[in-house]
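What follows is a single structure, written as structure tokens, with notes after it.
Lettered A, B, C and D in written order, each chain numbered from 1.
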């Protein structure tokens, strides 16, 4: 059996290079890989592109990465009024940001996961989001072409992993995590609990192990702010 | 501007709640829409959808009951009703964009006479702004209701010929519910369906940049 | 609470009109809505467009619909060597068929479900499947434009439904069913068991009730042939 | 045609099994590929994927053990290994098309020197044909191995300059394993990696329409 379990947070992120494109799961304070984010920041990574629904809250979630000036570009749906460090970086021009409608952010990541090269949607037609995108009419509807969003790494949070990497999520802490797990070249999951292979009912697996490359058990820091 | 009472934010929500029917799947956006759940008509069950992957949200969690893995799209801890389900955010927006929700209710900065909606960014505001799920919801809703005040704090009309604010979606709004009126967006333009108690159609029109069509007698909004 | 449970197989399909576009779940003998198919055939429906991975086996699964000449057009990935009635109808020109790669069949239905107007894929490039489809190069890769597949009805099979229509599936009988449930205007599910609301753990629901419009309990006929 | 022994179908499968590594996620197609699971090298675990939504298929079900809700893509009742999971058919093909499988092994009618594959329809055959999952698999596989006989029953070469059969995918094949050889498809053409015991590279070339490059000594296929 291939060993996917890593002994520590620091070890599991050690090879993520400066400039990497990284997806971060989580929404509304739930399902953020907070321990992985702390380890990544601690390691002193630089110049990353972050793909995330939002930009953290103060020093919580992704906030610390902006506070430390470790992010160069963000792809987000809701950078957030509470992400003061992002707002400061953005105002100073230290961070660029591509704003994407939330469902389209999901679909673009899923397209990457599914080996699709682009899709047409009515979402954003006639708005700022359509700027620079190909527009056409299909079946009488104006639509724009959206391209896949790939990433080198996804940092995600699940509740349980079995030793192979099959995952389950708790309540609404699922959110972006299963999509990002599928879309990145290397998916690293922080979990509350690692259980023996066979403990998760095959019908109840939410993220199949094929999408999970590294597992680390971490007690949950939580930034509800 | 006539110095007459207008509906409160709660009353706008109360009026909007009457548009929901038993068994409906409904998404409520930020602001006034988020108050609607408190005013559901008696005897009906509505399945509230949250873009973070919940169907069947119940009331907000009481103090001590909060679970921060169970929050709505505003990050507020909520509860579930029996028959609730969880799914990922892509599937949550498959529901919004694919026309699976019966009703979506969003807040608004401006609505145009063609049903264009602007609700995500105020021109000249600092920062890049926040789109969130609003564009997916507005593009896909079978029935999109916008709840907002009829005028800005500076008394400017928010129902306009053409939106001057950054757009959220074009031709997407079905009904506008404000502190002065209920207005339907039709192919031939805006139709005044109801007015706030004590207001005449002419007085509402005077607060509105876009032309409001009046078809017969316009009843007053009934919150009963 | 809105009533989705129907008293009988015949009642639940009674309003499906001649000429309807209908999706049928199932793969490899598992997860076919056999009882609904029998009821639909019994009702004497005509001229349907069937969207299904295959065309049944002899008189099993969709086979009966071809035997009775009730299908005008099929969209399928694997019409199947065992579907002798389809083969006969096709040879006589009584049925037309659009052959679609299986994953693309899934994606086109999912695109319909998700409100997307089309997507680009490398699947089928340079093959018969690309005939008549728009081709372009994206990121150096040749790809073709595939359009959504909508349907008026989906007939699917699940293991359990709660009274609201939340569904779970047994083992590999899941297959196409959850995708078709999302893609059709009206989804009718045949289940082994109807359970009270609240019996299915919210985290274990596979098809949320929003996609299910009618439920009927049926003992499982099975055509393993 | 030299009257020498060739590998059996089982031996082709046995050779192909040696391409699989511990922990690999693998899809096996119809025909010879379906025999591979019986010949896995000792001590490794391979997670077999089935396009109907299974990861972690085990051996075929024994008589009396069959569950017809648990079948592989060939409708054959199978078993599960610990750590298996189920998912829908769209996600199953997200895996095939998105490059998530480590290895896919398909049968073939023809492979061209550019790695084009034809495996779904024989020209002139009755009916419309069956594509199934083969086009998604061939388009997306990181490492696509084709297992087939080197020649048709009429002794015609199946490894050709250009496929005359309807194509499944273009430029998709990485390795061809036949009853005569193991051949890699490279940017510069086909490279002969191994030959069947007792066969020389020249003899294999004589059975092959496309040009086979030989780089140094070509070892014999070792099934040990």
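In the analysis below, a contact is a pair of C-beta atoms (placed from the backbone, for glycine too) under 8 Å apart; a residue touches a chain by one contact, two chains touch by 3 or more.
Computed from a predicted structure; not experimentally measured.
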| item | value |
| --- | --- |
| Separation of chain A from chain B, taking each centre as the mean of its C-alpha atoms, in whole Å | 29 |
| Where chain B and chain D are represented by their mean Cα positions, the distance between them in whole Å | 56 |
| Between chain D and chain A, distance of the C-alpha-averaged centres to the nearest whole Å | 35 |
| Touching two or more other chains - residue numbers and ranges from chain A | 107, 110, 114-116, 121-123, 169-171, 174, 202-203, 206 |
| Junction residues of chain D, two or more chains touched | 86-87, 93-94, 97, 139-140 |
| Touch-based graph of the chains, sorted into line, ring, star, complete or other | other |
| Listing of all chain pairs that touch each other, if any do | A-B, A-C, A-D, B-C, C-D |
| Chain B residues within the chain C interface of the complex | 22-23, 25, 45, 47, 49, 55-56, 80, 82-87, 91, 93-95, 97-101, 139-140 |
| Contacting residues of chain A [partner chain B, same complex] | 27-31, 53, 77-81, 87, 90-91, 97, 99-104, 106-107, 109-110, 121-129, 169-179, 206, 222, 224 |
| Chain C partner contacts - residues on chain D that touch it in the complex | 50-54, 67-75, 86-90, 92-94, 96-97, 116, 126-136, 139-140, 166-170 |
| Contact footprint of chain B on chain C as seen in their complex | 1-2, 110, 112-116, 162-164, 166, 182, 197-198, 200, 202-203, 205, 208-211 |
| Chain C-touching residues of chain A, taken from the complex the two chains share | 107, 111, 114-123, 138-139, 141, 143, 147, 168-171, 174, 202-204, 206 |
